[in-house]
Structure formats: C-alpha cells, structure tokens
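Every chain is named by a letter (A, B, C and D) in the order it is written, and numbering of its residues begins at 1.
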C-alpha cells in the first residue's frame, strides 16, 4: 500500500492520520512525499514502513531524523528501501501521475548521484535539440492524504496556504482521504473553487479531526509548535527514547482529542491567530 | 512577435486588445491560443496575422469563421501558416514552456493527422514500457495577454471562472500583459493568491479597460453577447461585409469606451448579474 | 407536436450515458442528452467540460457555449484544461461526445479541412478543439451528426479525431491506449461499430434503410436484427422541450 | 558584543545578492542574508521558497521553516512547488542558497549519506530537498557551511547537489543547462570557483590561512590577492541582531 503524505511540505502534515497508522500497527507501507518533516521518522521508528520515496527525511528545525538513521544505518527496527528524490523530481513524478503522462523529461539532477540511487529514472536525449535529459516516470499513490482547513461532506476541499505538491499528489492518486479542521457547506466551498486542488469525485473519505496537523502549522488555523519538534529530537536519540515518546504521544492516547487535551494550554496558544473561512456547520 | 490570446477558451477573450492591434495595423503576428472564438478571425481578416497555433478557429455559437476560411481557401487578405493543435496538445506545449521542460510526452493524437499537419511534434517510444508516444515541444509566447476581473497596479491578477490554459500560457510567456475591469488594492488581491495564475514579476503592463472582453463573457462581470456573435457571422460572409463590420466596430471607434457607448443598453443588459469582488479604488 | 430528428438523436444519445459515469459533454445536442440522462436513468453521472469545469448538475439554463457563466455557477470544480485532460489521459473518463463534418466507415472524424492539401484546403473547417483528445483517450466515443452522402464518406480527407483508422487492431497499432467510437447517431439512424466498422442497427421512424443507403457514402452494413430507433417517451420529450423550449438546438431546420 | 562567524557569513552572503535578482532563499543564515540584502543594497530582490511562496519583503518575524504562517502572510504569490521549480528550470532564478554536510574542491555537495553504500550508509543524512534542483538549475549557487576537515573533503561520498563535478567543462558534459557554485562561505573564510575549483579569496578576521589549510580536506588553493573578509558594518550588524535577537541562527555554539 503506497501513501502520499505531507505534500504541502512543512505545513499541513497529517500527523493525526500517521499516528492512527501506528496505533493500528500498519506494516509494509510505501511512503511518498517531498519532505514530510518528522512524520516519516515516526512511522519508520514504529516499524510501519517498507519503502520511502522522498526528497528529504529529517526534522526541519531541529536536524537529523534519528529513527530514519537507525533504520538505514543499523536496520532498526527494520531495513527500509529508499528511493531518493529532489523536490522537483518528486513533483514531476506526481505531475506525470496526475496527467496520466508516460513520463516527464527534465534537466534537473543531471550529474547528481540521485538518479542512480533512485533507480527509476532513465537518461535520454531530446530529439529536438540533442540535449541530455532525465526522464521521470509517474508516481501513482494508492492513497493521497490531504490535510486542509475545511471540506464539505462530499469531499470538496478548501486548502489555504502553500500547496507544495498537494495538487499533483491528489490528482495522481487512485483515492484521496481528506483530513479537515471543520466541515463546511457545499455551496460555500464551491463558491471559491480555486482553493480546491482536486475534484470531490476522487475523495473516498472526509475525516473531521481538529488539530490533525500539530505540530506542523496549518494556515489560518494554528502555528507551528517549534519546541515540540525539538523535544521530539531530544527524546528520540535512542530506541528506548523513541518508544517512550510513542507510548506517551501516540499509543498512550486513544485519539486526537485526547492528544490535544494532553497538549493543554500550549495547544490553545498555537491557535491565538486562528480565523475560520466558513461558518462551522 | 508571438502573442497568446483567449487562453480561458470561450470566456475572458481580450477583444479590446485585439481591436487595438487592428487599429495600430500590426502585421505578421503569430497567434497562439486554444480556440479564441471570433477574435482570431477578426485579426486574420484585418491582415495582422502570419501564423496561427490553435486547436480551433471559428465562431463557437454561430459556426465557421469566414475570414479564416478566406485566408486558407483563397489567400485573402493573405496566406497564413496554421499549426494544428488539439486543446490538450496546446495545453501541454504551454505547460512545457511554463516548466522550462524540453518537451512533454503524451498518448493523445496518436493516429490523428494533426501531428503531421502541425509539424513540430515528434513520435517516439517510451523507454519505460515501449509504448508509442508523441512528444510535444514547448511554446514560449513573446507575450501572453491575460484578461481578468481585477488586478492591482503591480500586476497581481484576480482571475475568476475557468482558467482553460491561462496559467500555463502566462507562466510560459516571456512577458504578460494584463487587461482588467477594475484596479484592486494589492493587499486585497494578495489575500486570495489562489486566484492569481502567475507572479506579478512577469507582468509588464496592467491595462484598466472596462468591457474589454465583450462579446465573450467574463465571470461575475458580464454575460456572453450571443447575438453579437451571430451578427458577426452574418455580416462577415463577404470581404466587403467584414470591412464594413470592422469600420463600424473597430476602426470606427477610437477606443473601448466609445465601443461600449455604441453598444448602449445591450451592454447594460449583459451586466445585470455583475458583482465585484473588491472595492473599486 | 411531431418528434423531431434532433429529439430522437438526443434521446438515443442520453441512453448511451450510464449512471455514475464521467462524461465529456460538449455543447448542443450532447448537452441536452446529458440533461435527459441525469433526469432519468443516470442521476449520478458527472459532466466534464474541457475548459476546466466539472458538474454534477447540468446548468439550469440553455447554454450557447460551455464557458457561459451559467455553466460555471454551481459547478463542483472549476479548474484548468490540463486538469480535465489529465483525467482523460489517465482513463478516468468513461465517454465523450463529439460531432464532425465528415466521418468514414471506420469512425474517423474530420473537422479540420476538406479537399486540397492542408495549406490550401477547398473548405477550411474550425479544427479539433478537444475533440481529437476525447476520440484518442475516452473509453467510449459517442458521435452525433447530420446524415448525408457528403458527410458519411468512404474515406475522410483528414483524420482529426481518430476512430478505428483502417479497421480492427489499428488503434492498438498506432499506440492509442483505449477507446474508439461506440455509436454513431445520425439524423436518419443509429450505427454501432463491429470490428471497427460502422453497422446500422436502427433507422429512425421517419427514415428507411433505402433512404439511409442512398445517403451513406460507403457500402452500408446492416445488422441482422436491425430495427427502428426507439422514440423518446413523453417524459423524455418533456425534459428536452423544457430545456430547449425554442427548439434552438433540437428543431432547427425543420 | 563581538562579531560572530555567523554574522560575518550572513554579511558576506548578503553581498552575493544583487539588486533586482530572483533568489531561492532557504532558511537559517541565507534567510537572514536575504533580509540584510533587502534592507541595504538590494531593495528590489525577490525571494522564492520552494513550497510555492514568492516574497518581495522578508517575513516580519524569525522563521523556523519556510512554511511558517508568517512566511505565507504578505507573500506576493502563494502557489505550488512545480510553479517555482518551473521558474528555476526556465532560468528565471538568478541565485540560490544551499548548505551541506560535505563539499569537495569542485563544489559538489553531499547531503544524502556518508560512508558505506547507499543502502547501508555509515551516516544517513536527510537528503536533497530542493537543494539538488537549485544546484542544477540556478544561474549561481551560494554555498554556506561550517568549516572543518570532515566537511571540506577531497571527494564527497555522494553527489547530491552537483557543483563542477571533476572540474571545468563537466557541467556542460553531463547536460546541466547553466549554473554552478559561485562562492563558498565557511565559518573561517570565503572561496570563489576558478575553472570549477575552489580558491580561497579571504579569511575571516578571527582565522588565518594556516588554520584554514589545517581544516581543509584538499590541497588549499589561495588567490594571489587573498585578503581578510570584510566585517559587517554597524548597520548590517544592527539588521542581523534585530532579526535574530537571541542569536538562534547567527550565534549558536559561540
């Protein structure tokens, strides 16, 4: 099962979805995403992951990702296969998937070792000017998860803030799961279709989950919990440390509501600038 | 000089811009656009055009385009070169231009005579699965004209309604000229960036011209003047008819304001549903 | 009021749309066929318009172009041509409608030019628009056109929208991933495609096999069980005439 | 308060940005360098952020990531990664900033993995992000990193972001359309690239050629006119310390 996650890059990462994957002990997942901040690290540490297609796996504001390091350096908790990408190459792979294109040719990464490490690209020559080109094949995720501010019950998404590769990943997927902070009226969302990256016809589930992206930010809803990323970095230097962190923040809470209660005042503080686009239903 | 026009397909066609090209007696233009309704026909009839890259040239609600027919069938007023496209092939050519891609491979038009007639595509084989593919090279217009509801003085566009290939054409162009019904405040437009198909850094001119798209519709501003298209169709069956029509509606008026005064009450009627997004400045 | 050929064509075209399908609709008769299908047997069909519009409800008023403001208002998605064409190339579009100036026995359509060569045609037509893309990439192509010898020709001068080329297996050979015409609905009758070739399956009540043979530019193939085209029910006629009260699209030239 | 190495690096990086240029900014020291450039000699420079943000004014508050809400508010465009990368591939981006774990004498950067093979590295690094794209496609690459023997190596284990490969002419040979590193700014000095190879042009006031030679993993090449790196003016120091009052980025580890 391949899942594209965190496709807006640093913001709007569906941590609530990832934590539920851990609680449900999912295994052998193939994760797809440009940078994914620390969510990929958590899923790797929890043993859910078989393969990663990503441009970057780490902790954006705090540094390296300890679980990713342990998996690659020591096979703990298991060996994973990595398909290296750059942000542009994964964007083009998802664009090819979205357009149903056989591949997308590009001049990026020529001379880089990434194409060899990725293993799915092919070098070619442009028949138009004879220049060397790199051909990026499509990525078609089984599921793309789109975390957003609001959605209507039929799956019409309202996604504010930078999109990163969210639109390409959603259009490329076989199915889309929507994670939203609030449910909005269909007419209201359809009034501003430019904020909707994909047609609702692709959406198989709309999950109403408040605070689903913490500690990553969600534009107009809440800020980024920088300290939480640093705490995670410090806490997960060892396997025991990671297990302790997971027991506290993932398996130790039964759902997102309990997680937010546990965050307490610090969660409230992150929402001080929040402003909703739609009347809550 | 190559100019992309009418890239939203049936709506938002910058007739005011085209009519000024005729008044200024521009010659040897290369026109680029998916369907362009009757604007391309008018520019061809006026002798402004050397070459056309388009998927369709006609009169959407009334039928064939008489000037286009005369040019192709009899060389009147001059012979023009046509690069046949489909809507998807021209969209992909502009997307390649927008992305700076060497080309975009596709499965559309295999078996069609369009690739042979276009002359710029190449047939190839996918090195991934051996399937035949058609390679569409980039189109990079010297200028793309974007007609929209509002823009700020720095060139931040607000374009509501379907975009067609407007975004790809704007991003592919060397320079963009913006035609808007109203000038809006920078902060107000930048508040809703999803309605902005291109960065203002590409815009070389913002032209505030009311009614610039008549007789094509502009979402939230005015409806389509169907009868005007039928009148044009009837009036331009002959060269003399076209010259008479042009003398009345193009060279016979000094600017768009006079054109709208000439339309009179019928213009007012087309605006009965108009609603502005921004406070006029 | 008599049933017009346009009304019979619309009713037949509506039957070609199955419930839940994604359909590239287009304008004129196909648009009205989509309205009929939605109001009768295909309430959850989705209409796609190549300038970037997705609708689960037809526009409430008669459209002259797919870009009319009424077709934008109430759409479930309003995006870009490339988004809709991407869905088409991905194989997410079940069926598409198309008309043409000329068609041949293998369902190849010409909307580009008639006679002469491409640079000096005898008659210049508008071109493909999105038609050639729909013909290349939709799972099924539904063709609607007037029936006369000049339009149903043994061979078209230019293949704008590929049908079955020279017959069975041709689409695979040229590299098209799927699709091809499933039906040709004319002002006189209905054809299905067998091994890539048009076979008459019904004549409209007002026409006859002889009339159709006389107006078809290729040796007519007739199905063993050829019959009469089903006439629209009163319900369907009501929907058609309610949507096109003036008969602007469905009764012109009658 | 003494001038920190971080502040000298930021001031030098700011000088690398010319007025009116489009610059892929990134975070940390480069972001502060962009702030300094905008406030001093390059008021009309434009900042690009790969998740889809274009700014003509730096965010008013210190950012931890380019996706912080403060970096979105007040942007002149907020779009998609593919839009910004398209501008990069088109050659519309003048310069880009990048850091790295390892760099070699030809300006090749490794942010992927150290030691072992790719499947079993000794040290797994986060990877490219957009760095390899900026290194491939921007007109100029501005590299900023800490200076020690383990990082400035004769050869990097993995070329994540291509510099000049094995020297002059290599980028053209592999097919890169333009670009390459123009400067390497470290905690000890500043290098320029001559025929694709790093040449020391200045040492920071607190360092020396001997210290730099001792901490550089390749035979050091020194410019004939090597001098001291210009120290930031009080105005520039004021801008830096106003933007990073705690020294979170510019004074860490000092």
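In this section, a contact is a pair of C-beta atoms (placed from the backbone, for glycine too) under 8 Å apart; a residue touches a chain by one contact, two chains touch by 3 or more.
Quantities reported herein were computed from a predicted structural model and do not represent experimental measurements.
Visitor: Using the touch definition from the top, list the chains contacting both subunit A and subunit D.
Guide: Of all the chains present, those in contact with both subunit A and subunit D are B.
Visitor: Between subunit C and subunit D, what's the gap in Å when you average each chain's C-alpha atoms?
Guide: Each chain reduced to its C-alpha mean, subunit C and subunit D end up 58 Å apart.
Visitor: Which whole number of Å gives the spacing of the CA centres of subunit A and subunit C?
Guide: Computed from C-alpha means, the inter-chain centre distance equals 42 Å.
Visitor: Quick one: subunit A and subunit B, Cα centre-to-centre, how many Å?
Guide: That gives a centre separation of 38 Å.
Visitor: Two or more other chains touching the same residue: where does that happen in subunit C?
Guide: Touching at least two other chains: 78-79, 82, 85, 88-89.
Visitor: Listing for subunit A: what residues touch at least two other chains?
Guide: In subunit A, 100-101, 106-107, 131, 133, 194 touch at least two other chains.
Visitor: Among all the chains shown, which pairs meet the touch rule set out at the top?
Guide: Touching chain pairs, listed by label, are A-B, A-C, A-D, B-C, B-D.
Visitor: In their shared complex, at which residues does subunit A touch subunit C?
Guide: Residues 98-101, 154, 156, 171, 190, 193-194, 196, 198-201 of subunit A touch subunit C in their complex.
Visitor: In the complex formed with subunit B, which residues of subunit D make contact?
Guide: Those in contact with subunit B are residues 22, 46, 54, 74-79, 82-83, 85-91.
Visitor: If we count contacts the way the header does, which residues on subunit B are in touch with subunit A in the complex?
Guide: Against subunit A, the touching part of subunit B is residues 100-107, 122, 124, 126-129, 131, 133, 135, 137, 160, 192, 194-195.
Visitor: Enumerate the contact residues on subunit D facing subunit A in the complex.
Guide: 27, 49-53, 64-69, 72, 78-82, 85, 88-89, 112-113, 118-133, 135-137, 158-162, 165, 170-171, 174-177
Visitor: Under the touch definition given earlier, write down the residues of subunit B that touch subunit C in their complex.
Guide: Contact set of subunit B toward subunit C: 8-11, 34-35, 37, 54-58, 60-61, 64-65, 68-69, 72-73, 79, 81-82, 84-89, 91-92, 95, 106-114, 117, 131-133, 161-168, 216-217, 219-220, 223-224, 226, 273.
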